[in-house]
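Structures follow.
The following pair of complexes shares a single chain, subunit A, combined with subunit B in the former and subunit C in the latter.
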Partner chain A sequence: MECVFGLVGNGFAIVAADTSAVHSILVHKNNEDKIMVLDSHKLIAASGEPGDRVQFTEYVQKNVSLYQFRNGIPLTTAAAANFTRGELATALRKVTSFPTLSYELRGVRNPYSVNILMAGYDKEAGASLYYIDYIATLHKVDKGAFGYGSYFSLSTMDRHYRSDMSVEEAIELVDKCILEIRSRLVIAPPNFVIKIVDKDGAREHAWRQSVQDVTTASV
Partner chain B sequence: FPLSCPTIKVHISRRLTPSPFGRPSKNQRRGDQRSKAVPSSQKMSRRYDSRTTIFSPEGRLYQVEYAMEAIGNAGSAIGILSKDGVVLIGEKKVTSKLLQTSTSSEKMYKIDDHVACAVAGIMSDANILINTARVQAQRYTFMYQEPMPVEQLVQSLCDTKQGYTQFGGLRPFGVSFLFAGWDKNHGFQLYMSDPSGNYGGWKAAAVGANNQAAQSILKQDYKDDATREEAVELALKVLSKTMDSTSLTSEKLELAEVFLTPSGSVKYHVHSPDSLTKLLVKHGVTQPAAESS
Partner chain C sequence: MSIFEYNGSAVVAMVGKNCFAIASDRRLGVQLQTIATDFQRISKIHDRVFIALSGLATDVQTLYQRLVFRHKLYQLREERDMKPETFASLVSAILYEKRFGPYLCQPVIAGLGEDDKPFICTMDSIGAKELAKDFVVSGTASESLYGACEAMYKPDMEAEELFETISQALLSSVDRDCLSGWGGHVYVVTPTEIKERILKGRMD
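Up next is the complex of A and B:
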């Protein structure tokens, strides 16, 4: 039921993600931030199994930082996206020992169950958005979405999206998608976080909350 | 590299190769002097020669120094950075009319589409390192779908060379490199690396025989805003002054340039013998070394 979607505008990219942390029928919390700031000008919006999501996005973020420390220059969004895809691809098939041993001893790993939308801004390439799914599909896209919500957000974006939208127009479109998800998806997530990346960097833009965590007990 | 290990490995086999030069006569004499000389530090240094991975009492790594000694006997190579390209020139030691020049290259090698190198030293060692560099460049491109920045390639190769000075008990590589390349971060670049694994970025550099003489001439005559043609001219002139041979012909040289085509892609161009001969005539360096200006 996790909803993640995003689009590219005029010199910026926007991603939105729901903020529910769910286990079976229980909602752990309603303000789980699933959009990680990868570096000064990159965002990763991830959906999928919570353990894998945190583990994998932090792994990518640490490697992106390591590259920058080692080499004094940041990775481009394209390079970071391809690196991420490569790690997902390796996790699918790489065997670490002699193949004819039994299944357990082969060291076969399971795929990371994480879907990712990577948004970034580079001076030469401008704003870009990359769709990376859990079996290492990589596409550079203008708009993308994951989860059940994608049926609604992708259709809404297909209807209203134009290239070179302004921030205000893009936010309007994001809100339209959130409205559609809230009204049409059974067990729709109530809250969303919206983050933006442009030449000035990656930052949180807004929250859309219809339910807030109760902090004091009511009698 | 990612924090977990990458998959491509280059297998290095242990080989006990005698020095291809036999016993260099210079070292032989020096060795004899060492055993006769009185200072005990010099006598004791013999004990620290054979293991690459230990320091001498004076804090030196003799095997690394001997490797550089070996390179000092090899054909020289010069690299010069200009604002629109990098020029590499090398002196060939193996000259023969029978050499198939179209398929064999002694000094210049292409590492990736945007990086090339000139070598000085033991050719068989150089081949191993060139292959390593090529694998590292492709591994980077496989991971990031972008060309590897030149400095990172040099650094990665030098890390390999450094390993042979610290562990494994294997001798260092007897090769010095001049790397010439272009990337979008720093444009045209020239790097020099030696058997110790040290490297530096240079505007002009020389390796191999008479490299100190070449380096001092370069220091005097190098101009920051030179064009590629002027860099070629300077390279030819410096090499003609420092080469031992009496006359300069195209069969004793290899000349390569790294530059950008009008469409923006990097080109590595090795001059043909005819083109080289024309250049030698044009810049007036075909006369014997004693008479050149």
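Up next is the complex of A and C:
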């Protein structure tokens, strides 16, 4: 039931993600930030299996930093997206060995079950959004979404999206999508986080909370 | 649903008089949902050889990267471009290498060989080459494409007529297939020029 979606506007890209950490029928927490700041001008919004989501996005973040340390310049968004796709594609078919009859039983690694929307801003290319699904399909898009929420958010964005939207108009569209998800998805996540990336960098823009975490102290 | 039908695709290539045309649809989907309507399935290897890959999009992208790499290496070593027949054999070998864990793609290769003689071929996901003198098809809409091409094809068409024929065959076939469509992408290649055109068909 994880909802992640994003769109590109006039000189910026916005991504929104739900913030529920769910295990079967239990909601562990409802303020889990699923949008990682990759570097100063990149965001990764990831959805999928929680362990893979955190481990893989951190792995990408550290490698992006390593490139910057080694080469003195940051990766472009396209390069970071292609690096991410490469790692997912390699893991997709990595087979360590067939189990042998002897004591060693090295199992097959399974692919990372993470779907990613990577948003970034480069001086030359402007704002861009990359759709990378868990089997390493990469595509540059103007609007993208993952999860059950995508059935509602993609259609809403198709209806109202224009390529030269301002930040205010884009936030209105994001709010329309969140409203649609909340009203039409059966176990709709209550809270969302919205992050934006533009020439001034990647940062958190807003939260949309309908349920706050309650601590025992306040009860 | 078969894994070959996960993303949806339609690809066709036709032979004309000293020219060839290669066309594909533009939809990138995830089963029933459409993700993008501008997905590139046809890639230029060099000015006289094109490859279009249908099937699972992730393998289309991986295979394309591997083939471009191999061709660049060939260019460095041989100081010339690959002939289309040679390139087809290379693709076949690369696909068979993964015989027991294959790339889930079916390529269509088209090129101009010696004396500007057009060459087309297709292969299955493990590299079984299928040469043809007239047309080759691949993808989720392949059955419709076979019918449409058989009906519309004539030998020795000039570039303009070939473009019309392949476009009509592609659009009418993808209209009967829910997983492919959203326009078309056609390259018509003659010894002197490469013409790339985008078709607007039923956008659904």
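Keep in mind that, in the parts below, the second predicted complex is superposed on the first by the 201 of 219 C-alpha atoms of A that agree within 3 Å, B and C clash if a C-alpha of one lies under 4 Å from a C-alpha of the other, contacts with A are read in each partner's own complex, and residues count from 1 in each chain.
The criterion applied here is as follows: contacts are C-beta pairs under 8 Å (C-beta built on N, C-alpha and C of every residue); 3 or more make two chains touch, one makes a residue touch a chain.
Keep in mind the model is a prediction, meaning the values are calculated, not measured.
By the document's definition of touching, neither partner reaches A:Asp198: not subunit B, not subunit C. In the superposition on chain A, A:Ala79 makes contact with subunit B only, while subunit C stays out of contact range.
Look at A:Asp18: by the touch rule set out above, it reaches neither subunit B nor subunit C. Residue contacts after overlaying the shared chain place A:Leu66 against subunit B, while subunit C stays out of touching range.
Looking at the shared chain after the overlay, A:Lys94 reaches subunit B, while subunit C stays out of its contact range. In the superposition on chain A, A:Glu2 makes contact with neither subunit B nor subunit C. Contacts of A:Glu180 after superposition: neither subunit B nor subunit C is touched. Once chain A of one complex is fitted onto chain A of the other, the partner contacts of A:Glu32 are absent, as it touches neither subunit B nor subunit C. Counting contacts by the rule stated earlier, no residue of subunit A appears in both its interface with subunit B and its interface with subunit C. Note for the complex: subunit C touches subunit A at residues 7, 28, 30, 33, 35-36, 39, 56-58, 61-62, 101. Chain contact summary for the complex, subunit A toward subunit C: residues 85, 89, 92-93, 95, 131, 133, 135-139, 141, 144, 150-151, 154. Taken in their complex, subunit A has these residues touching subunit B: 59, 62-63, 66, 71, 73, 75-76, 78-79, 82-83, 86-87, 90, 94, 124. Across the complex, subunit A is touched by residues 2-3, 7, 142-146, 149, 151-152, 184-185 of subunit B.
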